[in-house]
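Each of the next two complexes has chain A plus one other chain: chain B in the first, chain C in the second.
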Partner chain A sequence: MSHAVAEETSTVYAIVAEFDTPEKLMSAAESARKAGFKKMDAYSPFPIHGLSEAIGFKDVKVPFLCFAGGLTGALFGYTLQYYVHVFDYPMNVGGKPLVSLPSMIPVTYEATILFAGLTAFFSMIALNRLPQPYHSIFNTPGFERATQDRFFLAIEAADAHFDAEKVKRFLQDHEPIRVSEVEP
Partner chain B sequence: MANKETLNNVLITGENSYASVEDSIGRLILKPQLHQRGWWIFFFIGLAGTGLLGVSITWLVYQGVGIWGNNQPVAWAFDIVNFVWWIGIGHAGTLISAILLLFKQQWRNSINRFAEAMTIFAVMCAGLYPLLHTGRPWVAIFWLFPYPNIMGMWPQFRSALEWDVFAVSTYFTISLVFWFMGLIPDFATMRDRSRNKFGKIAFAILSLGWRGSNQHWHRYEQANMLLAGLSTPLVLSVHTIVSYDFAISTVIGWNVTVFPPYFVAGAVFAGFAMVMNFLIPVRAYYGLKDLVTIRHIDWMCKILLATGMIVFYGYILEVFYGFYSGNVFETALTKDWRFNGPYSGYYWALILCNGIIPQLFWIPKMRTNLLVVWLVSFVVGIGMWLERFVIIPISLTNNYLPASNKMYYPTMWDFMMFGGTIGFFIFLMMLFLRFLPAINIFEMKDLLHKVINDESKVEPTVEAMNSKMNPTPAKEEVPA
Partner chain C sequence: MEETQQKTLNLGKLAPGAGVLGLVGTLACWGMMFSGNDKMWGSFMFGWYFWMSITIGMFGITILHHAVRGQWSLAILRLLEAGSGWKTFVIMGVLLSPVILQPIHLYEWADRAFTMADPVLRRKEWFLNQPGWTIRVIAVLVLFAALSAFFRHSTVRQDKNLNFKLEAGRSSWAGVSLVFFFLASTLFVTDLVMSMEPHWSSTMYGPWQIIAGGGAALAFCLLLQCTEAGKKPFSDILRPQLTRDQGNMMFALTMFWGYTTISQFLIIWNGNIPETTAYFAKRSSAMYPQGMEGNHWGILGLLLIIGRFFIPFFLLIAPRSKTKVMNLAKITGWILVMHFFDMYMLVIPAVHGRAEMGPLSGQIFFDILACFSVGCLWLATFAHQTKQAPLFPVYDTRLQEAKAHAH
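After this line comes the complex of A and B, so read on.
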């Protein structure tokens, strides 16, 4: 593993450092980004604000998908009622117009929320590639504490600048509890 | 039950670390021996109630809605009273999980999971009633849901009852999704902590392989905020639409424009009362006093007081409307069926329960006395049921044609079904306490992280893993 080229490092998934506070993880992530690492991820038991910025992760797909879902829902709710009341089953109730807009608002509104909410949930699940029973990161020693009280930073072998030894030395500089080499 | 807990602004009391927070919540699941006699008693009460519900539903389906006391002119009675009561109870959960999240009220973290579970179970109980009120639910499905059927028929979208179908089913779906999404990271925590093989497998499946990566959290937070933003107008719309069932009709006593806001406030009022009715015994029994502090109880009492005042204002406005409208039937309803007459006892009990007794919470001492808080909450629960009783059957007994005025008498089956849903609710709550993390673990850690950074008196000891199985309240030195 002395000559580390990204393509050949199939025996290593990532170099993972374990920290005991979110602050140490933050500063390590921050300097890793400044050092030019792109393919990395942090693992923590609770969301840490500012970590995405520190790690350089930007993603706004969920809100846009949710918005699209809401629009679809509104369109669905409205056209359903329009189709039923105008084309498929027109019914004259007390001489009122077939399209009595105020009475169509509640169903349109609820359909909007239903579709938007479900899209937000399912796009979160799908974009996070869940359900995913196996992932290489689970091979990290002590990783069960990532959902408890430890904070992990993984610099992945897929990164263009990856060099196992250098990465290890780099991570050692940020007061980790331990640094481990993780198999895929 | 110790009534001498100190009131201060620390949301997590005692000496806690990430591990100890997690431990005090997680042990409810991982250590079955914690659920002793108290749990089993309520579990069996709940189980018996569920059986009662099963029996009454079976008999109802076999015999038809004639077994209830509903009849003309009182065609809506216990079933709709209970429907509105249950759905109202659910609203506190959404208020806590969504609205308080948007307002960045961190204190909600320790009660939201619990309240959301209540929402879902209460909506389940609520949904049973209108469905069974149709008499033949399996036939009624095409009245309720718009799907192309061989009869070529569609529901009537101009009807408030159809709006109700959409509102309640959306509410249930979104609440369930919101709740489940919040549980995923906690399932992962339980997966990693569980020593039992079955528990490990079950939690691994439920956690969907959550690994707490920054990408996960990033999208989780986005989806969480979006769902909160969507649930907020949703919860307001649900009870508004429920109130439309009444307000857009021409029935005396129902045709009032104050209904939507007054129903929403009443829902939150009833819901917070129910949260406290459950939470106060649970926190004492399971030693969660450090996580659900007296500060939480105090704030919930204030919300109870505020929403109670809105509800009371609604009652006053109804009386005002009864006289000011100049409609003789409205006046007669207020004077002869509410203030006097055979049902007046229920009306005045309602005013006492919802209008007068909650005013005790103006006194700060009362808000921290757990016994008083519990009793007042219980009374509010009864009061909110009476409110729906006063609005629904009592308004219907009084008609435009005095000859058709007729009293309403519930039957045994009305009471059995109501008792049955209460039992079912208790049953589900007991299962929830036993098998799911009753407090949001990761949000509590997040809160603890913020508490630590706020140079609080709480000293973090991350290494204190398993050192404390039963954190006791530390001596408080700084009451704010």
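After this line comes the complex of A and C, so read on.
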């Protein structure tokens, strides 16, 4: 038992509190954020307005990646046509110049949309670290009700302020049904 | 925002002043028109159509709101209803009456001898003839006024009895109305504006004008809502998520404007037929007053590509420009100014003799006078109609609840 302290910090994934109403989850999440916790997650059977703000979730990466993808697509669509029309297969269409900007707009536009859409889709999957066949949160007792009628708040051990006993006490103050220590 | 001592927005007080100004200005315009100033007819048509396009746009968004009952349009529903109420259609009809009575000043097809002598116009005569045109224009105005009155009557009644059945009924009617609205508006703008250049035609015209007007209409309402965000009823409902949704809709309409505009251009550019390219030739860098090469329509076209599409497009992509009301107000104000130039470039070169005068001629002061006068009367009608019902629908409390839950 001499390694008890060291083992406890390494064998805990998170402290998870279970609530029976979204309001309790919201107030717990808000005060957790105010208390300085950053690595936390909330689970609810339906979307709750303002919950992502309450847990301090900021989604800034996907839009920028999507924008960059769109720019790449525009560049790709334009250069592809430029290459085809000028170098690969120059063709006189109705006496118009080989590089006619108006005729290049549709393909440039479509390539922009395609690249932006695919970037948004795949970057979302990658940033969420999906697919994820195993996730520690499912070790939480009673977690199957997260898709039915219960609301969960997990404060993860990876957080800089994490101290299992303090977090438990903190979560107990917000009228949870139970607070459990979850294995990784 | 502090919840104490909030003022209530009162638009109704605008009505008398704007009404008097508009009446004086309109009578001055009419005086010039009937005393042989032929260019004034074109100026008046421009001023009138600038406001009519916003009215059509507002009416379209109102019907769209009833069809899908979105939250983003709920916040501005009463502004939309006031801007496209039956009285607006009546006032706009009355303002148009000189043109309806004497279309000859704006439409060369109204001269029957000219039409029959022109091989192209002779084949369009079954459509472009004065009796048919007059009936169609008046019929669309009357039907729009009636449909608008029907929806408004229903929302005002629901405000009093809170009967959800009315809302469900509007939703059913709105689907059909939306189809009717697009067909009738297409006919309306084809008759009134497109036929100013009777040799030219475009199948994109109706959707293009509805989208342009819809964008300007949304910009107008959001500008009003965002500049008056501190006053009731907007202070009770505005929250970042809502303005973000509204900004996204503004973004969508900006994109749609770019899409319809470029589509029309592309098809004409690709076809390269003299009759269809005439539209763009008249609005190109080749059109300037003699000896004034710097004063050409191409400048205005470039301004629209950059100012009506690219600037709002890139500004509205960023979330922070939509979640802060003052940012959204600035962008929508900019879009409205660009809509002015868009309509200017659409109507003015179609007026006989104006294309050759370039975009900057002395007549521009009369264009602005006409736009201002019609605008004052339009605003007076708008302000008057905002007074006739609560500025926010009583029956739908989704937005207040969302605001209460937000914090």
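As a working rule, the second predicted complex is superposed on the first by the 172 of 184 C-alpha atoms of A that agree within 3 Å, B and C clash if a C-alpha of one lies under 4 Å from a C-alpha of the other, contacts with A are read in each partner's own complex, and residues count from 1 in each chain.
Just so we're on the same page, a contact is a pair of C-beta atoms (placed from the backbone, for glycine too) under 8 Å apart; a residue touches a chain by one contact, two chains touch by 3 or more.
What you see is a predicted model; the values in this text were computed from it and never measured.
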With chain A superposed, do chain B and chain C clash or fit? clash
By the touch definition at the top of the document, which applies to A:50: first (chain B), second (chain C), both, or neither? second
Quick one: is A:146 in contact with chain B, with chain C, with both, or with neither? Answer first, second, both or neither. first
Under the stated touch criterion, which partner chain does A:134 make contact with: chain B (first), chain C (second), both, or neither? first
Which partner does A:113 contact after superposing on A: first (chain B), second (chain C), both, neither? first
More residues of chain A are touched by which partner: chain B or chain C? B
Just chain B (first), just chain C (second), both, or neither: which does A:76 touch? neither
After lining up the shared chain so the two structures overlap, which partner does A:94 touch, if you call chain B first and chain C second: first, second, both or neither? second
Applying the touch criterion given at the start, work out whether A:103 contacts chain B, chain C, both or neither, answering first, second, both or neither. both
Quick one: is A:124 in contact with chain B, with chain C, with both, or with neither? Answer first, second, both or neither. first
When the two complexes are fitted on chain A, the stretch of chain C hitting chain B, from 150-158, 168-176 or 384-392: 168-176
Touching chain B in one complex and chain C in the other: list those residues of chain A. 63, 96, 103, 106
Chain C partner, complex, touching residues on chain A are 49-50, 63, 67, 94, 96, 102-103, 105-106
What residues on chain C touch chain A, complex-wise? 241, 262, 265-266, 269-270, 272, 317, 319, 402, 405-407
Give every residue of chain B touching chain A within the complex, in rising order. 17-19, 22, 146, 152-154, 156-158, 162-163, 166-167, 170, 173-174, 177-178, 181, 184-185, 188-189, 191-193, 204, 208-223, 226-227, 230-231, 233-234, 237, 241, 244, 442-443, 445-446, 449, 462, 465
Applying the document's contact rule, which stretches of chain A touch chain B when the two form their complex? 20-22, 41-48, 51-52, 55, 57, 59-63, 66, 77, 80-81, 84-85, 88-89, 91, 93, 96, 100, 103-104, 106-107, 109-111, 113-114, 116-118, 120-121, 123-125, 127-128, 130-135, 137-138, 144-149
